[in-house]
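Both complexes below contain chain A, partnered by chain B and then by chain C.
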Partner chain A sequence: MAHAHYTSEQLTERFQFLGKYRTVIFGLIGVGLVLVLASWLLTDGSEATTHAADGHAAIESVHSPVQPVADTHGEGDHGHADHVPGVGTRMLTGTLISLLFFFTISMGALFFLAVHQVGNAGWQTAIRRVPEAMSLWVPVAGVVFLILLFFLGDLYEWAIIPEGVDAIIDKKRAWLNEGSFWFRTFVYFTIWIGGALVLRRLSVSQDSAASVEDGVSFFRKSTGVAAGFIVLFAFSYSLFTFDWIKSLEPHWFSTIFGVYVFAGSFGSAMFTLGLLLTFLKRQGYMSYVNDSHIHDVYKFAFGFTVFWAYIWVSQYLLIWYSNIPEEGIYYVKRYSVGDPAYIGGSFNIVWIINLLLCFLTPFLGLMTRNAKRMAKVYIPISILALTGHYIDIFQMVQPGALGKYWGFGMMEIGFFLIFAGLFLFVVFTALTRANLVPQRHPYLEESLHHTTGDV
Partner chain B sequence: MKRNLLIGKYWDPEAVLKGLDKLTSQGVHIFDVFSPFPIHGVDPYLKSKRTRLTVASFIYGCLGFLTAVTMMSLIYGVVWPMNIGGKPALAFPSFVPITFELTVLFAAHGLVITFFIVGNYWPGKRARLLDIRQTDDVFIIAIDKDKLSDESSVKAVFTDTGAYDISETEYER
Partner chain C sequence: MSHVRSPIRQKWVTNTDTYGQITADIVRPIESKMNLTWIAVTLLSAAVMLFGFAMIGWTIWEGIGTWGLNKTVGWAFDITNFVFWVGIGHAGTLISAVLLLFRQEWRNSINRASEAMTIFAVMCAGIFPLLHMGRVWLGLWFFPMPNTRGSLWVNFNSPLLWDVFAISTYFSVSLVFWYLGMIPDFATVRDRFAIQGRKISSRIYGILSFGWEGSSRNWSRYEVISLILSGLATPLVLSVHTIVSMDFATSVIPGWHTTIFPPYFVAGAIFSGFGMVQTLMIVTRKVYKLENYITLDHMESIAKIVLATGSLVGLAYMTEFFTAWYSGSLWERYIFINRAFGPFGWSYWIMFSCNVITPQLFWFKKIRTSMVLTFIISIFVNIGMWFERFVIIVTSLHRDFLPSSWSMYTPTYVEFGILIGSFGLFFTLFFLFAKYAPVVNMFEVKTLLKHPKKPDNLETGSEPVTV
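Let's turn to the complex of A and B:
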């Protein structure tokens, strides 16, 4: 192919999964496993087993059979928070947080692919193999979610509180029961894994087409698939967040919650994409990815941090104004200064750091044009923003699952390292499976000449 | 400031790019390019400085932020405290939407007004067109004649790259 500035070797290069990357990745997983095992063994085992055994009894003794709605506010937390959660619950919570962290990132990457395909966007052609690789984490995450399905009772109080104990949960049983939860999870992952694999397959099939003209049929097909996928994605992702995150606190409700998680996940996907592109460029790949591509990725990241804050405030403001106990409990738990009835009075630090890292740091840090192009600025900002995203997931999950026994320690770090290693392993493996540049792509030329005004 | 311009008129944006390339390689400074629509790839030849409008916009945004916060704090905190739904008079969450709106309003309007002032676009300004059709189908390369040492070579480039007309004109912003 005749490309003005690039040799055919540069445009058919493949990522090499070198031994040193493997060493680092297996090191991450190994250290993570050691940390998880250590913190598991260091926790008092006898206490944990007692609680696992008398879990149901403890709950039944705490709740009176008839429970007026208004009481829920004053009473504090239900279920898990009323007794010390076992080490098993802590492990499952750690798993869920780290799993959700990388899963939301890969879903953001998958949405990136779909929306750019539908929008006929040309600029992203040269970099799209990286979000493709990130989206292939979705099937792996699906397997872990499948395992978690067997431990619903340890994470979600609606799964263990028997009928007749909690009036609010009883009203929600039509949606919140294990059978329909399993069914819905299978439906979600059928849609997402299907979408990820079909989009990937069509993109890779295009590589072996005889010419650009022949390859266009794959391109057209993936536009159709992506359009349908976006519609299904909007519904399924929103419901997924209701099921897997929001139902940790089954009394609470917020219809905007899905958008809130989505805003965080797309922004974090862009930060991760920027870091991966910079890593690949520094390892000598993707010489055709120029500052303008990076600039555009970080424009998205910047925009979505603002969008995240916008949705955050939208959710908070309405709950704050209306001041309904079942709604307000969510923020009372997270921002109860010195109120030990809820969560110990120190969780507000986490809550504030979340806002600072998810909004203020990237908002001010990435505002100027040059910040989005200079690695020494956007790398630290990306790392801070991704830390913020972890804290965002952390504050969604822990107060609901562990209540005032929340904590951050070796367990959480260990699970994060394990999942980071697995995620990188999947992404790197996916990158080796196809050329780093999509071949016979109708917009390849446009993408290689992409510029946002390098004067 | 009045300038004497040497201009080449083209029918084709591709020819303009060719002309710009040749002129720049001869070391000629391009004064400006006029076209009915933005031509992809012209910017590097113009060597224009990066705009500082973004900095101005940021300052206006900060001003809007401060205006909103000060105004609401004074009104609700000092001048006329009100009880709305039992919330404290100085309740920051209720300030967020207005603060956001005023920040955007100040940033956007300040930016546009500054752009008009810097670009010299006052109300009723007469359009200074080099050719009446430059807003329709004619593409123009303009060279500052006074900064030019060799006029004939520029004219030769214009002719070679397909300019249909070469002329001289006075121009003032």
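Let's turn to the complex of A and C:
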């Protein structure tokens, strides 16, 4: 029975970025690129027919400077509600969704690190290199956001509607203007990239400390950094979601929106962490990670599934109950069955699947203790829950950016594959750069002996 | 949990070597004779309580016209007090349920008193909605009962009714949880009285302990029911104040209707509850000389939670303010400007400075470990959180949509009397508890006395998983 005596090879092992992983990753990116390219070329043709069918839109699109804006407020009073968004907008939307998907996961991982550091959590020491690697996606995501900054007008109607057209947007110009949007994005990413890199550096430097006693000073420093980071994170992440997601529908407002995105971020980060740990174990790494660690990761995943649903209900119920038009439009657009005045088609299916996958599936699936420990249960649940997170972001972004021309096809899948490949590439590269388990960590021994009790 | 304990972790029990020492220290107030100070403070609280009861009697006799309410400000002191007391209760549940899930060992020595605080606070809270009905004797109409009034039912669509269910569930679960935890400790007290030959006392505590034997069967059932109750109590931490927030947020009143209310109210409730835990614990540990069980490290941990939740509440204030502007809605914008700079602006700034600025002092270890300063800050937190509810309720109401309906609100002595009386009730109950029940959970603290590393051959636990 005795265990927790691991050899020094086990505790100094490093991840090998093997050729077969590379093949898969480059395969993902390649297939993704092909899909995006193909659907770009195909859409070009089909768009022409759309234009032909909708002569009014075609004429308007020639004359109007506010071409790619969709109906995001359900009022249609500015004469640009019927525009077919260009393929460029579709591509940017696909980019934004997939980018946000992996970015929110990496921010969840970063928050995981910070909050466990501050909370003196011992159990996670043995696995923390994995969320560290995930958090290093933040700088890469920052570069993509930087590129997107150049295309704000194609995504956000406030960036393109001239002053004097929309009274409500005009009232928000002090916040919603390109200059300050750029500035804020730079501030956010300075904080997050700084936090991610500093926490990572302290953690890795601790490995080369002479003894556990010497390692404590790195640990204390990390605690200070993490405490400050959490404060800045709370403010910046909330505002980030207001800027990059909520302002897609610039008339609408909801104070809880940041919490909503955060709940999804942290939960999805836990599902991703569970999958990565299982992958690493199956590849023969991390023998010291036991089913209790996995259990705790999935406890968090389960808890945040419930928390997400709680926040979802808080936002939905209050808006539904008070029935104020300015707020209610957000949901009317998402579940009015086929109402052509709003978003058209059957977007309500997306909206309902979102709830089923983000809440009901993981809630029922991970309810029991065994489910959180058995790979054959938690792997499919994780994949479904992460699909739910994609749909969650999809339903936050598309109605605002594309309106009734929303869609899901090769384009979206392609971008997802590209970003999945890039994300895995960054995570795997980061994993090769340091030991898979932190050395000289004051809580390492606790973590190696971690148990949540016998099954 | 782990059998290994990092050397950098705090010891949660200090200067104590034996289990017997723990029992003796904690049971001492129960076994010793009543001292004069205790009698004096309890009588004083009871007098205050009786004064409050007199004011309640006057309200019932004369009607709620004795309060300062008017047709614009229809909710004020009463609902403020109600939300304040419900909020106080939350810390107890968080400590007993959520901190248990998070394996926070330090909760073991503060959970008993905090849960008691929860029960008493919810009892205080219950007074106010009942009184606000005006005709208290119809209080049973709160409940959906079959009746002879045709098909007259309570309004299931109303968050006020949800409140009735939320609070009564909360109260019953908390009460059972709290009492259950005391059973093994009551049995300890019973046995000690029996040894001392104090038969009557032993008999009373014997009844209170439901004949607890301490057998392994007792313990195994105890463990099971504790786990179930803490599972039930965890969602209650969130649900109760969520429902309370919906009393406001489901409306269309600017300043009340905002989607962040549920989690923001929960954060505020935990914040206020921990403020009260600080106030009570600082006094209790000092008076009962329990510094070895409620150590400075405990007080620091509590202070950190106050800091975190206070900052969360601050984030919510700022988000609300920002979104009021961002909404572009005339009414939203006006109500928030009016809240901070209008005739009740002073209350907003009391709230903001007590709840957001003062707790920031807890960033400093010197302040976290100074009991005098912590005590002062905790009083500020209590005041600030009372004012938060006052601000939300009164400032959102007093400037109605029609300027002709604008009004001010001045509380009467009756309302002040009932508020003070509720504090009297709270402290009377707490003093009685502190005298007749073990204020610290003895058997849970005993688990923290030694953290032995078991010999390897006795270790059980998870095998490395093969997936």
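Just so it is clear, the second predicted complex is superposed on the first by the 413 of 455 C-alpha atoms of A that agree within 3 Å, B and C clash if a C-alpha of one lies under 4 Å from a C-alpha of the other, contacts with A are read in each partner's own complex, and residues count from 1 in each chain.
Keep this in mind: a residue touches a chain if its C-beta (ideal position, glycine included) is under 8 Å from a C-beta of that chain, and two chains touch if they have at least 3 such contacts.
Predicted model, so just to flag it, every value in this text is computed and none were measured.
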Superposed partners chain B and chain C on chain A - clash or fit: clash
Which of chain B and chain C A:Ser238 touches, first, second, both or neither: second
First, second, both or neither for A:Glu13, with chain B first and chain C second: neither
Touched partner set for A:Lys171, first chain B, second chain C, both or neither: second
First, second, both or neither for A:Ile256, with chain B first and chain C second: second
Touching partner for A:Tyr321 - first (chain B), second (chain C), both, neither: both
First (chain B), second (chain C), both or neither touched by A:Thr368: first
Which partner reaches more residues of chain A (counting touched residues only), chain B or chain C: C
First, second, both or neither for A:Asp207, with chain B first and chain C second: neither
Single chain C stretch clashing with chain B - from 205-213, 331-339 or 403-411: 205-213
Shared chain A surface residues [contacts with chain B and with chain C]: 317, 321, 323, 453-455
Touching residues on chain B, where the partner in the complex is chain A: 43-44, 46-48, 50, 54, 58, 85-87, 93-94, 96-97
Chain A to chain B touching residues, read off their complex: 313, 316-317, 320-321, 323, 367-369, 453-455
Residues of chain A that touch chain C when the two form their complex: 1-3, 119-120, 122-123, 168, 171-172, 175, 216, 219, 231, 234-235, 238, 242, 251, 253-259, 278, 281-282, 287-292, 294, 299, 306, 310-311, 314-315, 317-319, 321-324, 326, 373, 375, 442-443, 445-455
Complex contacts: residues of chain C adjacent to chain A: 1-9, 101-102, 235, 238, 242, 246, 249-252, 257-263, 311-312, 315-316, 318-320, 323, 326-329, 456-457, 459-467
